[in-house]
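Both complexes shown next keep chain A, but they swap its partner, so chain B is in the first and chain C is in the second.
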Partner chain A sequence: MTGRGVWFWIGAALFIALAVALALVVRNEYVFFAGFVILQFIVLATAWNILGGYAGYVNFGTSAFFGIGVYTAIFLLKAFSAPLLVQIGVAAVVGAAMGLGIGLLTLRLRGIFFSIATVAITIIAETLIINWKFVGGATGVQMLRPPVTPPFDSYIKMLFVVLAILVVIAVALARYVQDSKLGRGLRAVRDDEVAAESCGVPTLNLKLVACAISGALMCAAGAPSAMYLQFADPVSAFNLNYSVSALAMSLIGGTSHWIGPVLGAILLGSTQQLLTVTISSEINVLVLGLMLVLFVVAAPEGIIGLVRRLWRRVGKGSP
Partner chain B sequence: MSAALLRVDKVSKRFGGFTALQDISVDIRPGERFGLIGPNGSGKTTLINCISGALTSDGGSIVFDGHDVTRLPAYKRTRRGIARSFQVPRPFRTMTVLENLLVAIDFGVESHGLSGDQATAEVMAILEKIGLADKARVSSGQLSQVELRKMELARAMAARPKLLISDEAMAGLAGAEIDEVLDVLLKLNGEGITVIMIEHIMQAVMRFSERVMCLDAGRIVCEGTPAQVMDDKRVQEAYLGA
Partner chain C sequence: MFSLELLLDAVVLGVMVGCFYAAVSIGLSISFGLLDVPNVAHPALLVLASYGAWLLGDFDIDPIVAGFIMMPAFFLLGVMLYRTYHETFEKRGSDAGVRGLAFFFGIAFIIEVVIIMRFGVDQRTVQAFYIGKSIEILEVRIPMRMVAAFVVAILLSLALTLYLSKTFLGRAIRAVAQDEAALRLMGANPVAIKQWAFGIATAVVALAGALLIIVQPVEPTLDRAYIGRTFCVVVMAGLGSMSGTLVAGIILGVAETIVLTMFGASWAPAISFTLLLLVLGIRPQGLFGR
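This part shows the complex of A and B:
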């Protein structure tokens, strides 16, 4: 392992330790309600970036994957009373399969055509669930939380820690993809797909792998949501907000590095939580839009690009 | 005569009702320098797109190095040894020149078994030969036209091709630059690589090629030594209009 790799894993271990410590020490449950959402968005944005950022395939289907994750968990719970980790694991497998399947159908389309196709996926998935009575259909479904596992004293704190672990898995995967041969191939696809193919890059295969990893993480992020609210209905599970947020967070953070979506999700996610509490839950959508416009105009390469530019300026200024 | 490295047999390509290529047959020998000429829209680039796999031909067959590659996707043909440059350069803009070439060696050469340092060394040797070594760490988005053309050839070379197709690598270049690129191509051919050159600059094609084929409206007008082709009435008509 390289020096950087060691630091990454030390950071990841500290992060999980911090999450556990918070769960054991802090009494106020609201912290975990808000924290859960921010962590969830880190996973979603990181997952989005693997296909959208590295390969340049802008995916509007995040909410489809997320919603299917939610409903995979609900199905497993209702049918087999499956425990949380099984729900997440199966959701990841379903997400990967869904990513492969959808990828095969849509990834031959390039640019804007791919994006349009992914919008349709959410609508199809939502319609399917609306018509499936077993998981509640259009009216939704209510669930009871199983007893909490020690050492946690509340279910929401446990979910918070589970999400923290999921964040580490997602970021580690994104980091691995970025530094691997797969990552270099995806970057070539993003820069010029025709040239990539002529250099021997199996473009379709790489895109499929990226779509499967991305889909698995999105579905896995959706699974714990069922228990978070103890209620799910198709309209909120497949809410287009997830698609827009994941995309906006990645773009605002910067798509060229795994840290970008993480920063973007923390910045946007916490701002949204703050606004929801202080002003109203409606205004956070407006803020999301405004921030996206601001960044596209002022810092098209996101926070990462901004920092790099400042860094270069400082480097030049110093003797 | 040795067996052909590339055998194009009755290849046709249609775009809707428009026939871009009609029954094109040609054999390219190993180590040959082959020139492909013809007026704009005559099908030169379509033909090499069919050979390299960017397009799939509608009829006929393409056999390369003893294998039928007619239906293979482009990336597999690259791995078998067909590399190309593009008429309008297509660099990976967010990468340095070095990284551009590393993509080609890592993906274009199957199980090359090289360590990262060895791959870099091989790629640097190619850049040295082509005269781009000093630009290795420069972002490819910052290269000049002639440097971009050279990088395209270098990147094609990184995939260790048997056949190199150069699609108008000299278009838009000035006199001395043309000579530079021509020298590069001759040097590569000297190392045993078969080269197909598409070019509008007649002096360059005629100086370079051992054999020239002229296309017009998707058909072969004539084929022969540069001198024969230049003297052919039909070629003159194709270029000047009858």
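This part shows the complex of A and C:
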């Protein structure tokens, strides 16, 4: 393990320790309600970036994976009353399988065709769930939370810590992909797929692996949502807002490094929480859209690019 | 439960709905099919135009007339959109795909949310003398609103086909779609032509949006259903094929109405997307593709 790797894992351990400490100390439950959503967005944006950022395949179907994650959890709960960790684990497996399947179906398509195909899959998945009575159909389904396991004194705090662990897993995976042979191959795909293919890069396989990892993480992020809201319906579980959020957070943070989506998700996620509470939930979608357009037009490298430019200027300025 | 009579009903209505789908897709057929601009904001512009027709309806303006009134404004909007897209993405080259898509996706979201914030999420309808009545064709009852939309849709497709094949500028647009570099060597300015074409494509959306609110009540998030329908029609037609657009629209329309009568409305949204996936998987160049 290199020096940077050690620091990364120390940081990750500190992050989880902080989350646990918060859960044990802080009384106000609202902190965890808001924190849960922000952590969830970190996972979604990080997952999106593995395919969208590294390989340049714009996935509009984040909400398809998210929604399937939610409904996998509900199905397991209703059929076997499975515990939370099983729900998340199975959701991740389902997500990976779904990523592979969708990848095989759509990854031969380039650019906008892939993107539109992912929207298609979202709507088709939503329609299937709407017509599936066992999980509630169009009207949705209500669930009761099981009793909480100590040392936590409320379920929402436990969910918060679980999500914190999920964040670490997601970021570690993204970091691994970025530095590995896989990541270099994906970047070659993004820059020039035909050239990469002719140099012997197994482009389809790489894209499939990326799609499977990304899908597994998105589904895993969706699974705890069922217990978080104690209610789910197809329209909100497959809401396109998840797709636009994951995409916007990645692009605003910067897609070239794993820290980009994390920064973007923290920044936009907390702004959204603030705006939802103080003004309205419509305005936060508006802010998201405006920021997205502003960034892709004016700062294509995202926050990372801005920081790097600033860094260079400071470096040049000082003698 | 299912009879020949019902099938005939579905087919006749499906053809009419299909022509309407062709009309709402034809703008995209130009902007995406011919110009290769990833215009995912097209359905959102469509809904915007519907709200425009609804607002003008307050002044007792017929929705179709309102569509024509809005055309110049939408033309300018289209020119501005393309200008921004060209300056920020097409010129920069390499990474244009990802960011260009995100740009139009963002625009679509902004339009949607602004409509929600300004007019709320209620469904809106318009009034006109042909809305609410129905006539009988081939012993099938057809709502007059469908007939109105059908006639305008046919005329619109015809006019655009003629424009693209007979006029100088129309031919220039098709030339830019075929070989931009060659056009540049001839001394023409491909960017100016594309800008004009994108303006026309957006102006057509103004009229199509008016048809949309004639055919069905409009709400701010309706554009999501029409992402599937418009892209399905354009891709199935074969990119940039105007006559193909009409045929593909009719195929989608008939498929949707048949499924609607056989399985119920809750399956309808998935039809266009399933067809789209099928076309992409089996024949990605479309029915009339080059």
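Some points to look at:
Going forward, the second predicted complex is superposed on the first by the 319 of 319 C-alpha atoms of A that agree within 3 Å, B and C clash if a C-alpha of one lies under 4 Å from a C-alpha of the other, contacts with A are read in each partner's own complex, and residues count from 1 in each chain.
By our rule, a residue touches a chain if its C-beta (ideal position, glycine included) is under 8 Å from a C-beta of that chain, and two chains touch if they have at least 3 such contacts.
Keep in mind that this is a model prediction, so the values were computed, not measured.
Per the definitions stated earlier, placing chain B and chain C onto a shared chain A by superposition produces no clash, and the two fit side by side. Using the contact criterion defined above for the overlaid structures, shared-chain residue A:I165 touches neither chain B nor chain C, since it reaches no partner. The three-chain arrangement built by superposing both structures on chain A places chain B and chain C 70° apart around the Cα centre of chain A, to the nearest 10.
Within the superposed three-chain model, A:A97 lies out of touch with both chain B and chain C [touch as defined at top]. In the overlay built on the shared chain, the residue A:D191 is in contact with chain B and with chain C. Residue by residue along chain A, chain B and chain C are tallied for touches, and C comes out ahead. With both structures placed on the common chain, the touch criterion links A:G111 to chain C but leaves chain B unconnected.
Shared-chain residue A:S256: touches chain B; no touch with chain C. By the document's definition of touching, of the two partners only chain B reaches A:C199; chain C does not.
Using the contact criterion defined above for the overlaid structures, shared-chain residue A:V20 touches neither chain B nor chain C, since it reaches no partner. In the superposition on chain A, contact of A:L267 is made with neither chain B nor chain C. After the two structures are overlaid on chain A, the closest C-alpha atoms of chain B and chain C sit 8 Å apart.
In the superposition on chain A, chain A positions 191 are in contact with chain B in one complex as well as with chain C in the other.
On chain B, the positions that touch chain A within their shared complex are 52-54, 73-75, 78-79, 83-84, 86, 90-95, 99, 102-104, 106-109, 155-156, 158-159.
On the chain A side of its complex with chain B, the touching residues are 181, 184-185, 187-188, 190-192, 194-204, 256. Those residues of chain A that touch chain C in the shared complex are 52, 56, 58, 60, 105-106, 109, 111-113, 115-117, 119-121, 123-124, 126-128, 130-131, 138, 191, 240, 244, 247-248, 251, 255, 282-283, 285-286, 288-290, 292-293, 296-297, 300.
Every residue of chain C that touches chain A in the complex is listed here, in rising order: 32, 38, 40, 84, 88, 92, 94-95, 97-99, 101-103, 105-107, 109-110, 113-114, 116-117, 224, 227-228, 231, 235, 266-267, 269-270, 273-274, 276-277, 280-281, 284.
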